[in-house]
Amino acid sequence: MERRDFLKISAVSGATAALDACGKPERQLVRFIPETDLIPGIAVWRPSVCVMCPAGCGTTVRVMEGEAEVTRHGQLGLIKMGLAKKIEGNPDHPVNHGKLCPRGQSSLQVTYHPDRIRHPLKRVGARGAGEFQEVSWEAGIQELVTRLSAMDSAPAGQGLLIVARPVRGQRRVLLENFAKALGAPPPIFYQFYEDALLRRANALSFGHAQLPTFDLAHSNYVLCFGADFLGTWNSPVAQNVAYGEMRQGRPNVRGRLVQIEPRMSATGANADQWIAAPPGSEGLIALALAQVMLAENLRPASAAGQAGALIEGWATGLKDATPEKVERKTGVPAATLRRLARELAANPPAVVIIGDAPLAQSNGLFNALAVNALNALLGSVEQPGGLTFTPAPPGMAAAQGLPAQPTSAYASLRARLGLSKPAPPSPPQLLLLDGANPVYALPDAGVKEAIAKIPFIASFGNFVDETSVFADLILPDHTPLESWMDDVPESGSLEAVASLAPPTMKPLHHTRAMPDVLLEAAQKLGGSVSKSLPWTSYEEMLRSTYAPLQKEKGSIQASSTEEFWSAARKQGGWWSSEVVAPGQRPPTVGAAARAVQEAQFAGSAEEFPFFFLPYESQQFLDGALANLPWLQEMPEVLSTVMWGSWVEINPATASRLGIEQGDLVEVSSARGSVRAPALIFPGIAPDMVAMPAGQGHEQYTRYATGRGANPFKILASVVEPETGSLAWAATRVRIARVGKGKLALFGGSLREWPREFEKR
Amino acid sequence: MARQWGMVVDLDRCTGCEACVVACHAENNIATVGEDQAARGRAMHWMRVERYWEGNFPNVRVTYRPVFCQQCGDAPCESVCPTYASYHNPEGLNAQIYNRCIGTRYCGNACPYNVRFFNFYNPVWDKPLNLQLNPDVSVRSVGIMEKCTFCIQRIKVAEFRAQAEKRPLKDEEFNPACVQSCPPKAMVFGDLDDPTSEVSRLAQSNRSTRLLEEVGTLPNVIYLRSVS
Amino acid sequence: MRAVYGLYPDPAAAERAMKRLRASGSTLGFDARHICLAASEPLDEFDLGWKDQKTPMPWLAALGGLIGGTSGYFLVSLTQRAYPLPTGNMPIVALWPTGIVVYEMTMLGAILTTFISLLVSARLPHWSKGVYDPAVSEGKILVGVVNPSQATHDELVKTLREAGAEEVKDFPSS
Amino acid sequence: MAAHSPEKLNEDVLRPLVRTSWRFYLTGGILASIVLAALAAFIYQVYTGIGVSGLDRPVFWGFYITNFVFWIGISHAGTLISAILRLTDARWRRPVTRCAEAITVFALLIGGMFPIIHLGRPYLFFWLFPYPSERGIWPNFHSPLLWDAFAISTYLTGSSIFLYLPTIPDFALVRDKAQGWRKKFYGFLSLGWTGTPKQWHRLEMAMRIMAVVILPVAVSVHTIVSWDFAMAPVPMWHSTVFGPYFVAGAIFSGIAALIIAMAILRKAFHLEEYLTPFHFDKLGKLLLMMSLVWAYFIIAERLTVWYGNESPEMAVYWSTQQGRFTHLFWFMVICNLAVPFLILSIKQFRNTITGPVIASTTVVIGMWIERFLIIVPPLERKYLPYSWGTYRPSWVEITITAGTFAAMALLYMIFSKLVPIISVWEMKLGWQQEGEVPRAVASQAPLPQLAPRADLPAAGN
């Protein structure tokens, strides 16, 4: 081709392109210099860490080159960059073994969320009006530093309140050290469904203030009280993986599952036998099982050790917990209890699990201790096929974030906000929010007012939610895909794990990683603060804290720090190569034995005839995930509801009250009422109604705002007295039909071949 | 080499966690339709976990059953399509050629499993959610049918890779997104014509059944009955 | 085309005229083929030339059906074989679907052949060329002779009138 | 009382072609606006997506396919009835055939549009036809929809020809009577028909062949439409009875439509003299018989399902017997069986015109519901109960459905303005063959005036 021709052609095509661009605004965008070294069309997989729930799964992210519309230096344009396309489980990770739950997979949508905060914001309107103005990072950080230095002069920094979503690893260490350096009380890691009570029980029974790990893959018999361990509880992916093995992973052995709970959970639906027992009776039932084992000499009483000693009457054979007596109190037939006890004893290794609602009772600690004692009696503690504790990686103290004396974050937060008596000596002056949303997830009345009273609020969150809408300053964090990530899982793995991952993609928006911002602020604050946080970046901090692992026996054999670092980044962390030998418990602490406790409920049975169960939802957990459209449209497996809330009612109860599927029902407690459509639910006790948590946001992106109802709003402040944990399953309610509601159901019929004519 | 891709679903392992549902959405660019459309029965879930109640409280039980395109050997959807949009590919998959589809929705009626989904509107991704789209999978426009493909894009990539490396495709070298994500490993994917593959080994189980076998569709998805 | 014709009020009169014309054809220099007739309804029961009509239309229709069916078969089988898409365990060219298309195409062939053979054999369309008079629509019956020789014109007029014509006209009317 | 006379017939039949009252324009205007509304709804649907309909998963077919089957059924009014009557040489058919055949053509045009209206991508409808294209691919001849395309186009071609052929002499008649543009227009349509013995002979021969050929086509069309359903493994669709069941239903609704059309024409164009209670009585008897045949089929269909007691089919069965569709089902039975039986089995009612018209109206409504009940309940309850759904039509579908009824009426009105609605020459021929009326008044000897036959009572009861 002649050069002139070429010029002609390019001139023509250039003109065409220009004309084209007139019609389509996106073609008028500036093109930035590509930020990628990827080969177009070829996917690479990069490790990351899932933070959607506290389980701590390792992930792997599929990254491909793509074209994104971004703002750079105030200019909207197009950029070629590596974009995360899919999140899967990291196949090598000891917690989730390459698997990932729907919530973890949906975390991709956090990064690409249309309502993500894209740059630092400063409040301009009234508090809570949600009017913000863009500021520069420099100005934002300066503002934070100024406010913090002002704090520093307050008595011992007591005015600083840090409320974060539960995290572990160096992010937690950073927050804790930051608070400590400023002389502030420790940060509060808050989410609605907290685990302090179980940690406390395990500390008492086994000397481990840690959540348990279940070696279900080798169990032959699993008895579970209320825990939705295949759905949302503890480390669900790890438990699902193990469950699959328990059922069909071994030749000629199939583990059995018995679930005891008054409302069938997604886990209960898998049970070979499902037993409805009244809420709060779990501890008593566990004692009855123990009683049978002791009475029939299936196991010696001494096997329970310290865990058994915590229960009054254990040594004398639990005479007050005979199956007949327990049948009278719980309605569970004595014959069933006897059979269960015999089956448990006859099918080793067997394990008993307790979690979720049974712990959220006024007698939750007792229930947990009773189950722990039963586990000890069975000899399943720290044994294959039983209950064990994930070891901490050596040389990384406090990385799992395990407190010596577990206390309830709920209790601490309420106290700090002045919602419980006595009022705190110094009210908070400055609130730092990191992903926690107390206005939504703290059920007490007056949270909003207490938050609004705090003079200065800064938030690191990615979204404007009910709490961060009150913020004076928003310094938006990167999403996990854009950040350095680390985690030290507390449970779910039989080996020690320290997850680590570099960013999988460049930041999409004008955000900065919270740890980097804190470190920068620490530097600016100077003095003791900068001394206790001497790193210039989070990457540097991670590098130094992970260095000791190089010497440990584990998944990485490296001769140099650099080699170790590079391998850990590539692999997504470090894990020890061996399961820590069982039976290495420290000597147990002495504690007073507990007598049988009965659950107390808020509200009288006459006025409020129904137990109320606000359970953790399969899609949104406690509501933090309600902003993700994939999860909103995912049908909850038992109800098949999408995009909404519902009230589960037993069919007999519903027909007695004249309530039909989809009718709008008002659920009222002494504290207040919420409305949601009724869902006829065959697996719930007639004297109970249940609602999933997670919806009913007043302010949480376009996908969640104004959708459904928040059951937390009607919970009474019943607490477990020893730990101060909220007994969220201890409220009684009444229900009334108030009109016609709307349910987006994915599933058609409840039953496989319903006989419609039978109903008439 | 002719293959017959198939899947075994062990109902005794399935826990109803729905990881497969979101995995499928993420992998296959399936649009979310929003509350109103979902309430009208237009939600797109190529993969769904069916839930059936049995009995009455307290003797109540639930069975879960993941259902997706059964990739029938004799697929009713194929013969009824006037434009060959629904056709049988050489590896035994019921492929849907989106470009050929004119939207008679006849295949959707003929499918006994109701696993075909129709784009009643153009799919919408609020920017920048469009960046999550998998470039290996086409986005379907209004008026056409779509369905589970056994993640054919993954099959193709694996086949190309094996071809380039001049080696046979290994069993379980790759998996559809749902199988990959399934925490309790309830699903196994592979070549049913390869007697050594995990999937054909499991298919021999005395628990194996096929869904709606009596309709005569010869599905290539085998369900292993739950034991109790 | 020229013609001389008479308009007759009823079939009997037309029959009479026809008879006379046939009789006088040899003398006046025309034969039966030149006699023309137009009526506003079929007059099967009168001796007006209906009875000796013969047509192969039924056979043509059958042939058309055969052609239609055959082409239907080839349409189906050839196109399907030209682009043989895998159909699972089913035949590429299946008996029943082919049968249905062949059936419909057979019928279409017969229908179209019937229509075409009607048009061809009845010489339609034939816009404003045929011997005609609007009075036929009133129920009159037109009987006449086409292309009569000038010499016998008056004689013809007379013959037609004697047969009972209400009017005798030339075509085209001048 | 006027005697039958060709002159009066000419005048009566041709009058509507030239004289138009304000009522016509008013009615036409109303109908046209409904049709325009439907058109607007359709354009909206194409523009926005078929989501504006009430369709969902699993009910992928709803009102549109109901309309399709319904109108294809109505189309059996004409060709089939008129062909049967021609073949059996039922002499009373003569004033009826043209009205009937016109219904066929228009109902087919309307019904034939629905497979396109219901498409997700209607602008690609031509992919249904076998033509060589750049895609290098032909339609799938295994698909019942393709058979539909063949059957309906054959039927439409056939019945259009069947309608047109006997109209040619009548066009010639109008041509002779008309002035101005009409003369040209009808001259063109009449193909220069002069009425030579050869033309008459060929025309009659063609009509005889067509009557023979069109009958099996008509039967096949509705059989194939039924196979759209029966070929799919859907509970209660997959039935061998569907072919004859649909054909019977089609004839049933066709007769009803014909009775209604005749009654309206009779009133609007003062054709009392030609469309007499006698015709309504005959068609009423036919309707009664078809009502019983229909009942037989529905019993055959339901009984076998009930006795077979297979879960998937029973789910559908109960949804119509004691579920969501019960009321609709029994309403249909009342419309299609109870009302026609009561009215038409009693001579006093049948012999009025009102009686058969009422019965026909309920039958048309009932048959539309029948089509709906055949299509929707099985789709709502298809096998796996988890995927069961419900269907509710949207305003778009309702508007388009209303539009088709308006379009039918409008097309029919326009047709009646352009084409002699009664076959003039066949009437004359009939009278001539009956010897009832002299085929023309003889010039010389006036024939005695014959009285009308006893079973042909004069109009204007």
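So that you can tell them apart, the chains are marked A, B, C and D in the order they are listed, and the count of residues begins at 1 in each.
Here is the rule we go by: a residue touches a chain if its C-beta (ideal position, glycine included) is under 8 Å from a C-beta of that chain, and two chains touch if they have at least 3 such contacts.
Given the structure is predicted, the values throughout are model-derived calculations rather than measurements.
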Chain at the geometric heart of the assembly (C-alpha centres): B
Interface with more contacting C-beta pairs, comparing B-C to A-B: A-B
Whole-Å gap between the CA centroids of chain A and chain D: 65
Whole-Å gap separating chain C and chain D, where each centre is the average of the chain's CA atoms: 30
For chain D, residues that touch 2 or more chains besides their own: 137, 142-143, 146, 385-387, 389
Numbers and ranges of chain B residues touching at least 2 other chains: 48, 50-52, 79, 84
Contacts with two or more other chains, residues of chain C listed in rising order: 85, 87, 90
Of chain D, residues touching chain A in the complex: 311, 314-315, 318-319, 321-323, 385-389
Of all residues in chain D, those that touch chain C in their complex: 6-7, 10, 130, 136-138, 141-143, 146-147, 150-151, 153-154, 157-158, 161, 165, 168-169, 172-173, 176-177, 187-188, 191-206, 209-210, 213-214, 216-217, 220, 224, 425, 428-429, 432-433, 438-444
Chain D partner contacts - residues on chain C that touch it in the complex: 9-13, 36-43, 45, 48-50, 53, 55, 57-58, 61, 65, 75-76, 79-80, 82-83, 85, 87, 90, 94, 97-98, 100-101, 103-105, 107-108, 110-112, 114-115, 117-119, 121-132, 134, 136-140, 142, 164, 166
Contacting residues of chain D [partner chain B, same complex]: 48-51, 54-61, 115, 118-122, 124-125, 127-128, 135, 137, 139-140, 142-146, 149, 228, 231-234, 379, 382-387, 389-390
Complex contact set, residues of chain B against chain D: 37, 40-42, 48, 50-52, 65, 67, 76, 79-84, 100-106, 108-110, 112-114, 116-122, 142-145, 211-212, 215-217
